[in-house]
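Listed next: structures, encoded as structure tokens.
Shared between the two complexes below is chain A, which has chain B as its partner in the first and chain C in the second.
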Partner chain A sequence: MASPAAELESRAVESSSRWAEFRAWITQPGVLCSTPVLLLLLIGFLAPLLVVVGYSLMPPRTFDFGHVPTLENFISIVNESYYRSFLWAFGLACITVVLLLIICYPLAYGMAKLFGHWAHLLTLLLVIPLFVSENIRLFGWVLFLIKRGVLLGALESWFGIGADSMLYSVPAIVLGLVYVYLPFTLFPVMLGISMVPRDVTEAARDLGASRWQVFREIELPLAMPGILIGAMLTFVLSLGSLAESKILGGQAVIMIADDIETAFTFGQNWPLGSALSVLLILLVGSLVLYVLRRLDLDEILGRR
Partner chain B sequence: MTGTPILRLVDLSKKFDDLRAVDGIDLEIYDGEFFTVVGPSGSGKTTLLRMLGGMDQPSQGDILLRGERINDIPANRRPTCMVFQSLALFPHRSVGQNIEFSMKMKGIPTADRRARAEQLMAQLHLPLDYYDKNVAQCSGGERQRIALARALAFDPEILFFDEPLSAIDYRLRKTLEKELKDIHRETAKTFVYITHSLEEAMVMSDRIGIMREGKLVQVGTPDEIYNKPRNKFVSEFMGEVNIIEVQKATEDKLECPSLQTQVVGPSQPTGFNSGHLVIRPESVRFLNNSGSAENSVEGTLYNIYSLGSRMQYQVRVGTHVFLVEKLREQGYEGELDDVVKIGWDARDSILVSD
Partner chain C sequence: MKFNRRRFLKASCATAAAFTAPGFLAHTAHAAREKELNILCWEGYNSDEVLDPFRKSTGAKVQAESGTSDPDMINKLRAGEINVWDVINVNQPWAREQMYPEGLIKALPRDKFEPYMENMMEAFKPPYKWALSHDGKDLIGMTQRFGPFNFVVNTDKISRETAEDEGFDLFNEASNAGKFGILTYDNWNIYHMCVGAGVDPFKKHTDAEIDAFEQTARKWFKGAKLLTDDLVQMNLALINGEIDLYCTGGTYTASPARFDGATNIRGITPARGPMDGKGGIVWVEVTSVVNNPQVSPLAEEFLHYVQQPEACHAVAFSEGTYNPITQMADSKVFSQFTKEELDAIQWDTLEEELSRAVDYNINPDYDRMDVIYNAAKREA
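Moving on to the complex of A and B:
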């Protein structure tokens, strides 16, 4: 029934309609707007990542890809006790997250519900330090905490109290992490708390719930998306932190980011550094994916 | 309706900075009655209700529940429960968990909670398989019923309603109004309801309080409010009525500047000087062919609306536009711009102050 000419024509129509479909898709405002950032991510994020993955499979202390892939680096991570720096990083990140949640929840609650326009001032005070380099702020802490520094020097000369400096210890690292990452916990938690409608908590109270019950049954679960995001952000950032353990911790403990840096610089062992990075990325990535699967970002950003 | 007062408000006031949102309210609400506070937005009715529920603190005055001052008792320890305008359902809980919330807080065993929740769901025409449904997936009317079931599960002595039906479409609202009245009769609890719609209040209430700028303007049964509005504000609230500015002419005659004529009105109170005459659209008659009335005026017919079972006519007389309503089968047969004669009797008009 269909002549060859008609068939050809219908194919041409089909391909032109596919082309039209593609054009319609590519010229959507959303696609067009995201093109620059997609290109940037491709070149600036995905490509380096692939290079790192490639290096992690090369034999130790090599500097090109011309070798047979091997898992040697990953084996040496386990054998040469690099897992310790992983554990330190995870442990300190966990402590930081817990401390920050305890500090930030009441503060965020106040800023979201109670302080009124004072909350703007507080936000400003918390944001302005972010314009100063993290290292400079941490050196500020060194001056504050060091023997004969601002704190101990003042205690000694005014009150005659002599005390050992907490500098170059694990608590000093935790202090630095808590200080630096406070805004990263605070603001998401604040967003989470402000998403809890006032009349919903009032209704719970009206239905006979005590303050504690309102917190446990209503506020906490409804603010959970913000809390999870804040905790995740802080955890990931603390895990990859370098400056706190170096500047405030001295050589008290070595965190994973420190090991990675050493492998790439002094160690001149790019494959080992890459393997450590890949492992860190896998651990963090699976954690983030797990948390994000439980969250509805659309809801948090108020699109629903 | 009389009875024992369950709630007594004495000089109850709430100030926000310089604004007196609620200004010296004295009121008794009787045990088991359906009391409705009607007022425009900003009249302070929500603030009043929030004070009764314990969400806001009065700046002045007392709230007495069965004679005991409850000003300082927090919301969770008052035997009252509010149905919020937003309904304030717990979005992260199922229908059943919402209804059972107050019982869970009291520590009632799971099986008892469930039995009571299912009983309430049946009473409020909620399908039992909604028990595990997410409240976000329920329709507007269902959400109303869940909110009411949740409040009833608390077993309060008084239920407060903060305009819960305002966001519901007309037909469903009419159904829910009647259901609410049935629930009131079945539970025999005291209901305090607030709304901006006098029509809604008329359907459900035993008594109505009209609120304006933080004060109660008039309190009475729906009949009293309808037949004896105290002033122009209350009459305007009743919807479409003719309100004509009048001044005293003689002992039984009133001067109407907008109609440029004098009319016979109801008996004037002593010392009456000027006020407003309220005439219902259905009390005005067309007098062209036959019939007579104590008062009559001539004007031009300038709009005809169909209201379904009734017809509404606008007749321009002087600078005033009269509203006339007739049953459809008794409607006026005429054309726009016809010169028509309309009239009403003195006993169908109400004289109110400003």
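Moving on to the complex of A and C:
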């Protein structure tokens, strides 16, 4: 056993070596260069989140932090029917992701492997609408689908078919979500598919693999990081979406983002809105962390 | 998110407000505010038609932001932005019942402003209750825009007479389920659902009355074909035949459609109802000077400016929605309006509608009803 003096000395050496390590770390050019951005993120990103968390612990309908923290808001969320809004948001987000993967995989495959120069044109066609506000694009759909609008009006006047309105329903919301978030699934999936080396699929075919086997055992696993990122991006965005259910769905169902907006505006209950936001952030955050743990970003970005 | 000019202005103002927030402003001398004015208002007062001539004549930097509801704007002052804003424009009860007693707004010089009130429409001449403090001594704001706010019908489907006669019962009738929309201005919806349940919204309610409100709220949300907080979308659905009527609406929401030529879209004030026999509600905006410790001297000047005939017309017919104003009794103001404009704001029946409406007021059970309302909306 070491004497107390020796122990003290070894502790001092240890702490000074830790300090030296920290100094070496902090004086790295990379760390120094990223300090301004890190500070900005800390102030601009983390601080508002902390304010939201702080408000979620304040009594309902208060507007400052000078109160004893309480879990009242979370309790009322559990007691009220907010689970419906969470379930609708999660359900619609899942349906959107599944539909988009079915639509985007073949399209992305074509763009990555088959279309050649045409892929650029297609990319452009998909990207250009992103410059137009989402609400305006959705309102375009309203004019297309509304009674006596472009579609139903034409059907009625040309063929005498008087169809019922297609708006203000759950399928209309799904249409909006699929339409708006298509590029967010398509491009990551395309990236994933383009990462599959042609040699590998050719080798598999040479060794007698069927098309299905090549797809299932070679292409799908190798493209999985892109597919997962696309799916995750779409899922998170759909979960927080508001415009689709409001504009196309006529609020046929209330999604969680709508409840949060109501609490902050007409409800004037900032603590309740904050508590709903914190729950949503926790749910989405844990999901994203779970998926990211299964992914190697360096590999996707081709750094290894 | 919609990114139109109003939202852009709103975002810019919010950013500007953040930078002029208490910490920054504390060091600003009063003199430095002689050339700036911050207005918290319902949309319209923040339009360039209204503000540009004032900016030009004063050379001041004028910024205006609109809110989603009266409490939304008032809570901004309560949350510490009393140092930011100079003028606040909200509906009639708030100045007298809450903002003045809480010291959020200050009194106006009566000798300077009451002469304007003498020229207003009969119902708004002094002593006008909502422009005065409780003891009747202080003038706390000036009225301008107003409008009956109840429900809107397509008169090709439901005649004005039928609508006025049946009132909010139209939304209770099973045969109208799937034929109406709800414009989700939550606070107004709550008042109208009370009226639909045969309950006066502006008094303390018994449990039985709250139950009646809940049943009506659930029935209306179940029967509604469309919910939206966008009046353009709602009018479009009404014009295209998706719906025959919508509730929470009036001159304010019907006027843009009427001004575009759809004169079959009409705001309705029910002939009778549970509010001392009356079935309609009317809102009147009261514009006050904020009790800002370093209030801009332009605040009062702005209140004078919006009483001038051209400015009155600009306020009534600024972008978005069109509304009657209390100054229309003055012939110099009235002559600013064209026949089409008068038709858009239903001038022909305005006085009659006013006589059938009670003043918008504070609902003492709002918080309780708001929880029920939102649950009914989610669970429909």
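Everything that follows uses one rule, which is that the second predicted complex is superposed on the first by the 272 of 304 C-alpha atoms of A that agree within 3 Å, B and C clash if a C-alpha of one lies under 4 Å from a C-alpha of the other, contacts with A are read in each partner's own complex, and residues count from 1 in each chain.
The working rule: contacts are C-beta pairs under 8 Å (C-beta built on N, C-alpha and C of every residue); 3 or more make two chains touch, one makes a residue touch a chain.
Computed from a predicted model, the values in this text were never measured in an experiment.
Steric overlap between chain B and chain C is absent once the structures are superposed on chain A; the two fit side by side. Of the two partner chains, chain B is the only one touched by A:222; chain C is not.
In the superposition on chain A, A:16 makes contact with neither chain B nor chain C. Within the superposed three-chain model, A:165 lies in touch with chain C and out of touch with chain B [touch as defined at top]. Measured by the number of chain A residues touched, the leading partner among chain B and chain C is C. In the overlay built on the shared chain, the residue A:133 is in contact with chain C alone; chain B does not reach it. With both structures placed on the common chain, the touch criterion links A:205 to chain B but leaves chain C unconnected. Of the two partner chains placed around the shared chain by superposition, neither chain B nor chain C is touched by A:286.
Between chain B and chain C, the shortest distance over C-alpha atoms in the superposed arrangement works out to 42 Å.
In the three-chain superposition model, chain A touches chain B and chain C at no common residue. Considering their complex, residues 61, 63-64, 80-82, 84-85, 133-136, 139, 142, 146-149, 165, 167-168, 243, 246-247, 250-251, 254, 259, 262, 265-268 of chain A touch chain C. Taken together, the chain B residues at the contact with chain A in this complex read 53-55, 74-78, 80-82, 84-86, 88-92, 101-102, 105-106, 150-151, 154. Residues 197, 199-200, 202-210, 213, 217-218, 221-222 of chain A touch chain B in their complex. The touching residues of chain C, when paired with chain A in their complex, are 1-3, 68-69, 71-72, 75, 78-80, 181, 184-187, 225-230, 233, 236-237, 240-242, 367, 370-371, 374-375, 377-379.
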